[in-house]
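Below are structures written as structure tokens.
Here come two complexes built around chain A, the first alongside chain B, the second alongside chain C.
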Partner chain A sequence: MFEDFMVNAWEAGTIVAIIAGVVGFFVVLRGNSFLAHAVPHGAFAGAAGAVLIGVDPLIGLGVFAAGGALTISVLGRRARSDVITALSLAMMLGLGSFFLSRSSEYSAEVFSLLFGQILGVSSVQIVPMIVLGAVCLAAVGLLYRPLLIASVLPEMAPSRGVNPQIITVVFGFILACATTMSVPIVGALLMFALLVGPPAAARFVTRRPVTAIPLSVLLALVTIWASIALAYVSDWPVGFFVTAISALIYVAGRGVSALRRRVPASRNTARVEAEAVAA
Partner chain B sequence: MTHSTQEWNDVPGAVLSARDIRVTLSGKLILDGVDLDVAPGEFVGLIGANGAGKTTLLRSLLGVLKPTSGTVERPRRDARTGGVGYLPQKVALDVDAPLRARDVVALGLDGGRPGIPLHRRATRKRVDETLDAVNALSFAEQRIGEMSGGQQQRVLLAHALISDPALLLLDEPLANLDPASAYDIVTLLDRLRRTHRVAIVITAHDMNLLLPVMDRIVYLAGGRAVTGSPEAVVRSDVLTRLYGRPIRVIRAEGRVMVIADDAGIPDEVHHELPAEVAGASGSSGLSGSSGGGL
Partner chain C sequence: MGSDVAVASGGFLASPTVQTALILGGFVAAVTGIVGVFTVVRGQSFAGHALADLGSVGGAGAFLVSINQVWGFVGAGIIAALLMELIGVQRLKGRDVTTGVVLSLGMGVTALFLYWDTTIGSSSNAAVSVLFGSLFVVNPAVIGPVIGLSIASLVLIVAAYRWLLMSSLDTDLATARGVPVRLTGIMFLIALALAVELSSLTIGAILSTALLIGPAATALLLTRRFGLAALLSAAIAVATTWVGVWVSYESYNWGGPTNWPVSFCIVALIFLTYLAVRIGAHIHSRRLKPATEASAAPAVAKDAGRHVAEVMG
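This part shows the complex of A and B:
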């Protein structure tokens, strides 16, 4: 499980989980799960196009991810943003199927962009991942507070000098950056699962933002490490395990939350009853 | 487009100065030349029927809504003052958002700054003091989304207050509060404008609690604003004309009550009752109220 070719998989998986955990925290906080679906899947079309014209798929991914995120965040400003997201996603997927139909011999490579090829990651691919990942982390670190206030209190943010519309566009680019670095490794579907499942579960466990982000990263790491190990042992696809474990972790988080809400309530009831008896 | 916005006031004495504000939204003229000057420490009530443009005016004063024409001079943020504090009418909060009351209040202090916060003791103390001022310290550790509407309102007010703003724009801040909490908030606001010279512009449908503290009332109707003293505006004839429905102002024992008269329905019922029944119900009502007084 720790042979040379597997070392790359562990490294790549670790980097993707860290980025997905951090960026995903804001995806869920902002209610942007649909955007997190559209950008990776739309970006896959860009990679398909790049393969067709013989360019590095990473460039196609980056252009489509950034273009898609920009289109959705700008057009979604004055209209229902879910409608814009849906139409952009459908249009990009349509383009992707067109590109694929023109280049059948490369379809295996493109297929891996949807479902990932983490067990076949080469060390050459790790370098651009680390660079793009560092850009994402730096942007989130720098914009942490403006992102929080614009996401939770968009109407009150302007009085603190934060323009929520600009934050929406900037966050779209951060998401595009995270997508571009991770889709070649884990695929669009897995990135989507990692961006939503672990961060959503972390929110149930803690009520502090500074704790929720590391916890979200930890859960994403557990998800991807377990998936790689299980895929190696069972020879089943990694994608199956990542999506299944993401969903399981979310369900477990909800369970924790349900328990947390019940316990204090019953304690209060017990105290009130005890006081009533004493009186 | 003649709109321009200056971030500092050159009208001496005024903390907020709006000139000839016109706002057209989706082709509909909402504000048609509104002027408003507010002095430091002044308590201004903004009233008007639903759709009169109260929220639109507040958003224009805050600067999130660019007026079609007109100018607004508002306090700017610097090291000493938090500029304008704003409390919107409706804030949709996610139940599971991992943010405690104190996180929300701290964002009011430094939410616009870059980087991850490393709150020192002084900041934490200031957050606690602000939460205490709005009687919210007891639920400081709770998730903002899990609180009642009234608790959220107080936390959001603390968020608006913590930066020491020179001007507070409050859109229906009392709407979700029970009478006792609403009274506490009005008392707090009145204290703040006296001790910190914070100017306050507030909208409220129920103005009874605000009557003792308001310096001035601005009422919006037909896109225009008319300013007057509470004595001049809070009169049955003026309010009835403003809202286009019967409104009665009752002055008794130095208190003023504003009552939306339900088109005189109780009176009609009263007239239809036989004299002795009406008399009996009237006397029982009286004895009931005197009993309550004891």
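This part shows the complex of A and C:
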């Protein structure tokens, strides 16, 4: 399980889990699950297009992820953002099917872009991952406070000197960055599962961002490590284990929160959150 | 995608492949367009998209046990809809997380099924055909069930029309008027699952989302009357589908390895129509009242409020 060719998988999985745990916390906080689904899923079209014209797929992924996130945040400003997200996603996937029809033998690679190929990562792929991952974490760290304020108290944000619309665009780019680094390795599906399941579970357990973010990272790490081990042992696709374990963790988190709700002490969780931000 | 070559023989309307595509595509587009108006107004686009993707679990499962794919898609869609309802799709808060968890779990199971399909069976193209689909390669065995189930979906919508209208526009008011809001929600989700699975099966998961949301969002920009919006949405859906089929058919003469995928042609038309109408509506509203330009969503809600007063009064 820890042979040479598996070391890359463990490293890549660990990096992805850390990024997904941090970025995913804000995805769940902002109610952006649909965006988190659409950006990685739609970005595969970029990879298909890049292969078609003979460019590095990573560039295609990056362009489509950033372009998709930008389109959604700009068009979504004056309309229901879920409608715009759905339309943009369909358009990107449509373009993907167009690019695929232009080149002949690509189905296997599409399959791996959607469902991941973490057990076949080469050490070359790890480097851009670390760079883009560091950019992501730096952006979140730099914008931590405005991001929290714009996400939890959007109507109060302008009085604190934060423009929620700019934050929406910036967060779209952070998501695009996280997507570009991880989709070639773990697949759109697995990335989405990690962006939603573990952070949502963490937020059931604690509402304080300072504890929820590390917990979210920890749960994402547990998910991916257990999945790699199980996939290695069983030879089943790693995506299945990641999504199943994420869902289990989510259900467990909900269970914890349901049990705790019987105890009246932590009744007003929303207030705790607002206080944590205001402090 | 490879089988699209068959389309090239014969004239456009004379080709049986095109005839099937036009009839089945038009039928599914009309039903999806009508259901879409409620989906957009209820803010359930993500659920609609998730259900389309989740049909592929059933599709991949049906490949595995070799039963008719219709039952795989529809079964998976209804189970997913009930699961979402059970774990709280009706509450606005946290709804998208719930949808996301169900969606990703479903996709994970799809990955497993496709893995079994490709290792146990020999259908290596299962993944692509389940995910992308094509109107030009519809299996004749699915046509009957698809039309029957589309009608079932429409019947559900018509039966619950008044309840649906009231609970979609103002939940509190509907509850006060004695509308069974939760039952209405479940009926709608089942109708949505049926419509979305059928279009996902016949024209692919990509196109299904575009047909569900695009024409409905376009129609709601043009009119705020519910009934009219539903008819307009169905008309736009059918028109874009037919034009898309024609463009895809014609594109065979434009060079390149194959014709343009029909899903891409229709999605592009839907997206461009929406953008054009949106820009038109923007210019129109700016010319009418330059100072008080309201954003689209509140305006719909406000006018819808007036409309619900008419319905209830």
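Note that the second predicted complex is superposed on the first by the 262 of 279 C-alpha atoms of A that agree within 3 Å, B and C clash if a C-alpha of one lies under 4 Å from a C-alpha of the other, contacts with A are read in each partner's own complex, and residues count from 1 in each chain.
In the analysis below, a contact is a pair of C-beta atoms (placed from the backbone, for glycine too) under 8 Å apart; a residue touches a chain by one contact, two chains touch by 3 or more.
All values derive from a computational prediction rather than experimental measurement.
Engineer: One more residue to check, A:A212. First (chain B), second (chain C), both or neither?
Structural biologist: first
Engineer: Can A:L89 be said to touch chain B (first), chain C (second), both, or neither?
Structural biologist: second
Engineer: Give one of first, second, both or neither to describe whether A:T14 is in contact with chain B, with chain C, with both, or with none.
Structural biologist: It touches nothing on chain B or chain C.
Engineer: Mind working out whether A:Q125 is in touch with chain B, chain C, both or neither, as first, second, both or neither?
Structural biologist: neither
Engineer: For A:Q165, select first, second, both or neither according to whether it touches chain B, chain C, the two together, or no partner.
Structural biologist: A:Q165: touches no partner chain.
Engineer: With both structures superposed, pick whichever of chain B and chain C touches the larger number of chain A residues.
Structural biologist: The larger set of chain A residues in touch belongs to C.
Engineer: Quick check for you: in the superposed arrangement, does A:E155 touch first (chain B), second (chain C), both or neither?
Structural biologist: So A:E155 only meets chain B here.
Engineer: Applying the touch criterion given at the start, work out whether A:V196 contacts chain B, chain C, both or neither, answering first, second, both or neither.
Structural biologist: Second partner only.
Engineer: Considering only the contact definition stated at the top, list the common interface residues of chain A for chain B and chain C.
Structural biologist: The answer is residues 31 of chain A.
Engineer: Can you tell me which positions in chain A touch chain C when the two form their complex?
Structural biologist: That would be residues 28, 31-34, 36-37, 75, 77-80, 82-83, 85-87, 89-91, 93-95, 97-98, 100-104, 107, 110-111, 114-115, 189, 192-193, 196-197, 200, 236-237, 239-244, 246-247, 250, 254 of chain A.
Engineer: Show me the residue ranges of chain C that touch chain A in the complex, using the header's touch definition.
Structural biologist: Touch list, chain C to chain A: 1, 40, 43, 45-46, 48-49, 87, 94, 96-97, 99-101, 103-105, 107-109, 111-112, 114-115, 124-125, 127-128, 131-132, 204, 206-207, 209-210, 212-214, 217, 256-261, 263-264, 266-268, 270-271, 274, 278, 282, 295-297.
Engineer: Given the complex with chain A, which residues does chain B contribute to the contact?
Structural biologist: Contacts found on chain B: 62-64, 77, 83-88, 91, 93-94, 96-100, 103-104, 107-108, 110-117, 141-144, 156, 159-160, 163, 165.
Engineer: Which of the residues in chain A come into contact with chain B in the complex?
Structural biologist: Residue positions touching the partner: 29, 31, 141-146, 148-149, 152-153, 155-162, 202-204, 206-212, 257.
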